[in-house]
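Shown below is the structure under consideration.
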């Protein structure tokens, strides 16, 4: 899992429009994929250089440029020029460590948030920054890595799904964010299933491993919550923002998005409480076991302590110990000892110590 | 109890108007029941096909169509067509795993929330999704299962109760939601009674079972709270929503609904604190018992330790131990031992260790 | 203490205007007391039937009808008719298990909240539902039980206190609510005194009883808080409500009421934190005592363990143990033992174990 | 420390304008001090009777009447008459147990809050109620006790400080409240210093006293927080109140006051968390010590248990124990014992038990 | 780390415009540095006296005066006069112990907040108060110490960075605050890295030192949170403030600043929860270790207790103990002992005690 906050001394005091990519390079080459469509036409291509896009822009269609990899500042600068963006906007795109946010600029909106994806093989959650620049006709999405997470949207575009082909860049924005939020729900749901499974093991076999598992899950959940919560704030701010590029016709979809991200948030809170309860059960089971052990030790010791003492008494070498020479002393001693032991047991029974 | 969050990988990236039922099929066949009424007339029937409803619609009456079972997408699609609904609306109805919400569409409102019902036989709580589509004259309610939970409302309609027969679809909506909220209150009340009963057992007989019971109740309460809280938000949003289909005349009823759901919420919070306190009592009782045991062990051991030591001393086989040959040594040893024991007891008494 | 939430299965789905009293009957017969006054005139009487009130109504005075006992539905229905109230209003009055609320109806306001009173003899707190129906000239108050809690207000009316005799039904409402809130403050103050007294005992004599007392107080406080908090919300909503029947002239009084109920709320929170701290002190005292005991056991055992071992060594019956036959062996053994004991003591001293 | 909430049964149901002083009389005689000033003139005097003030009133200056002692209802009533106040206002002044509040009456504003002062000798915090009645030209301040807490303000007036001499009653109000808030900060700061000092002792010498000190500080802090928080609410409500007597020119000062009281509130919260952490350290230190002791006991016992057992074996008096007669048995026993002891030590070392 | 709250008795009751520096003098001499620039011209100098600034003021450029050291009241007074400021403003600048705040005065705005910087050598965090006085053309920044924290901004001005040279004092304010917030992020990030490193040690080697480290980090984090939270409030209030000197063109930058400070706040919260979880792991590891030890002690003692007892029995000196004279008694005793020991081990095994 990535570190929650990274900030190097070198970054302090930089101009807000300086184009410096502070993240790790996760891909060899920046890849540019373009889809251009309206309700009837569709063209899709991989671009070699940014300037090739000119063929697509300015038409009365929706142009979606997807950029995988942020490390090549030259490409980024070119995008800025081609789309006439403020360098401020691109600097924000490159600042992959920032908080999810929606900023409205003069001629575009910027939406950034964290994208989660679960690596099914390793079970690890990958975090990646997603930025979306949104204008009237153009949507540019930036991912750190080459991923196929948006493939379902491309499929829907290709299959002529009515809604997405008739919608503008705002509907496309919704479709992308919807996938991100669905991934949140999915990641939390997978973790949630592990947590609910853990619960059964907990009662059957409370080994020490469980505590580390609980703590692992707790930490992962904390991490997810800190991703989901600001994303929720951001998504709620989109509809409030009264942006020029998001029309009222998509309100109903963004409302749904709000409900979904709230659901993700609720689920994270819910599982967090479950984990706290599990920790409680674990501690109780452990301390109840310790109780049993201590009780056993006590009962056992306490029964033998006086018996051993009596044996010790008659092991002394005094010359005049009248009991020693009496013929049945040894047997009487045994009887006394058995009476003491039984008495003790009855006493403990009454005290409900075992 | 159902899992709190389910989200499969396949669902990610679907178009929001795709009609796919993701829940479990809980009923063999979709059942359609219709009641059509105004203040004077009433007709009630079970429909075979959706199209049979045409006979009822368009009249100046309130038409309530109740649909049990969501798994038959064809039927759902037919409903969409007959009532001229957006497929978006129906997709929401089928998405039974979503958060309680109220969405206003162009020609209808959609209200979804979780319905709780207590199975008296098993003591288990069933969760089911309820969706209500609301237009000027038509109310369509969707349940996952065939249930008789709304029977009292049907009874009130049949018995010509003035208010419900004169009211519109908005009053009918209130009546249905009122039953749902009453069920929340009932389920919490039944759980609350168990919790209050537990309290008495806790002090009399703090066995280990109690901790599992407390944890069971806690988990169930957590689950209920996560159902009730978003439902509360949703119900408060209804009156704020300024919907076309909910008139001011029902404001006083929705206000009452708000108070009731707040009451349910308060009660859940209240019982949660009670459970926390019970956990506290349990831990204190247990640790106080352990204290007693350890004290007893200490007092007992500490008294015998020096006595056994003394006996050991005179069990040594040294040739020259002057005390051994003295005639009253043995008796003196006993006296010394008794003095030591009494001294110890007084010491512990002063220390208030028993 | 009454159960926090009661909801029977039978209540689910009832029409909101059905007049059914769900509480316990606490009084034999419904009692009706009337006071009618303006700044100069005053008449006071006990009514036999509701219709007798006609003599009082319609005059230009303030009419206060106090109803003790809610179980007689016939009487309630008569009141509804005489004062031309919606049956909804009366149904709310009978629903004594509801949350404190203020509802504005067309021709009246309804205020309901819980009334607390302390039974000085038993030290128990009684909870009772109070409903106030408020119109321009008439105030009807409903209590479950015959109580003299409003007697001071009657006294003030009788004694021609300027303010109350010149005020309208809104001032009278304030006067009644003021008494209710004063009772909240009183009940919390009495409990608070017990809690502050407990604190001193806690340090002197931390017996096991204390924990049960703390838990009793905690539960009672929880209960009070759940009564006070919604009452606070309700009282704050009165001034916001912009009701027709509450004039601006009483604003300053309702502001005071808000401050008082906030004060009650603060006090409940304050005592709650005190109780948590007390629980902490208790646990610390107990565990510190256990520490002492275990330390004592350890020090004591550890000193005698090697001594007893040495004695055991020379209690063996080997034929050739050279020390046994040496004349001063026994005395040397004693000296060695004393040295070991002192060494141990010094070691523990250095370790600060006693 | 004073009790947080006092409410006697007798107070319930009193008319809100009844003049009854419920506090303790803290001073022999009510003292009246007057300062009258504008930017050029200043007169200062101690009044014998309230009516003497007539000489000062009605002039176009700021008149500040300070009243020490509230127990003489006759004097209070006279003040009411001389300044033409509603008896409601004075009843509020006498109700010293109320929550900090600002109430706007027709011809005056009332501000009440708790004043804290630290008795440097005893280290105790005194709580006193301060009420300020504010009109266009007159400010009346009521204290329960004769105190010199406002002396710095008088000094500033006497020394012709420009701002205070040019300001109106609103600036004077600010100056008085500023002193009160400064005292809050001072009291919290002194307590804070103790808490920060405690921290160092905690690590060096975690005696049982520390826990009582932590609890004392915690309780005192709780008490302070419950004083500061409503005072903060009150001060924030002053600027919102849009009062006739507080002009915009003092806005910047009241803003500062808000910041200061927020700072006091923050500090109290900060120290509260510090105390919680200290409690944590204490518990950890204690339980870590107990761990050490138990480990020591275990290691020590476990080493000697088998040795003592062996000695016991050869202390038996069986007639045929072959080892007994073997010449080097005794020495072999010692060697075996030493090997066992060393083995045990190595085992514990590997287990990292010491 | 500096104390959180300092307030001396002497400060109480001072006039709000009195110029008294209450902090520690951290620098020998007050240093004045000036930069004056517009998009084309730039002059930079160190001033000897405040009056030298007259050469720069009144021009149509941005004038930035940086003051290091606050202890020389005479200099401060001169600044007040030269820039025609209210002494109130300067008194606020000198009050370095106040809460972060933004105050709007008639002819200037004042922004104060805490500046954090990390001393890389010692690892300690330095706290310093920063005040910024802002007018149309002049920005005066006050630091307690001579620091080079703002050097990057100076560099950007010198290097003719377009944005800063074209911006007004409001953009310069943003640039300075941006550095402060970046330092917050940096300090928290460094602490966060330590905390995440600690986590790994925790599981490998849970020594007692860890608990002190956790507590150190916790305290430092608490301190940071109490710095960051009011700074966040302050920064959010800047954009709301509708100040004359902050133009809309910088809105997008202040929005970014809000996101950054929120990110800092989130990170602090995140690490706080991590620390709580670590404390939990530590406690669990420790108590699990104690459990192991106690189990070992119990098992070991319990096995030897009956064996030692048996040996004791046959060490008694009774004259008639039939077993003693039987030839194989000794060997039978050994066999019995071994059987008992094995039985015990099996019993413990079944109980899962080791």
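When the chains are written out, they are named A, B, C, D and E in that same order, and each has its own residue count from 1.
Definition applied: a residue touches a chain if its C-beta (ideal position, glycine included) is under 8 Å from a C-beta of that chain, and two chains touch if they have at least 3 such contacts.
As the structure is a prediction and not an experimental result, all values here were calculated from the model.
Engineer: Using just the Cα atoms, superpose chain B onto chain C and tell me the rotation angle to the nearest 5°.
Structural biologist: C-alpha superposition angle, chain B on chain C: 70 degrees.
Engineer: Just curious, how far off is chain E from chain B if you go by their C-alpha centres, in Å?
Structural biologist: 41
Engineer: Just curious, how far off is chain B from chain A if you go by their C-alpha centres, in Å?
Structural biologist: Centre-to-centre distance between chain A and chain B: 25 Å.
Engineer: What are the residue numbers in chain A that touch two or more other chains?
Structural biologist: Counting only residues that touch two or more other chains, chain A contributes 287, 294, 297, 301, 308, 312, 315-317, 321.
Engineer: Just walk me round the ring: chain A, then chain E, then whatever comes after, in order.
Structural biologist: Loop order (chain A start, chain E next): A, E, D, C, B.
Engineer: Okay, in this complex, where on chain A does chain E touch?
Structural biologist: It comes out as residues 3-9, 11-17, 88, 92, 98-99, 101, 103-105, 208, 211-212, 215, 218-219, 222-223, 226, 229-230, 279, 283, 286-287, 289-290, 293-294, 296-297, 300-301, 304, 307-308, 311-312, 314-317, 321, 323-325, 327-330, 333.
Engineer: Please name which positions on chain A make contact with chain B in the complex.
Structural biologist: Those in contact with chain B are residues 150-153, 155-156, 161, 163-164, 178-179, 182-183, 185-186, 188-189, 192-193, 196, 203, 252-253, 255-256, 259-260, 262-263, 266-267, 269-271, 273-274, 277, 280-281, 284, 287-288, 291, 294-295, 297-298, 301-302, 305-306, 308-309, 312-313, 315-322, 351, 353.
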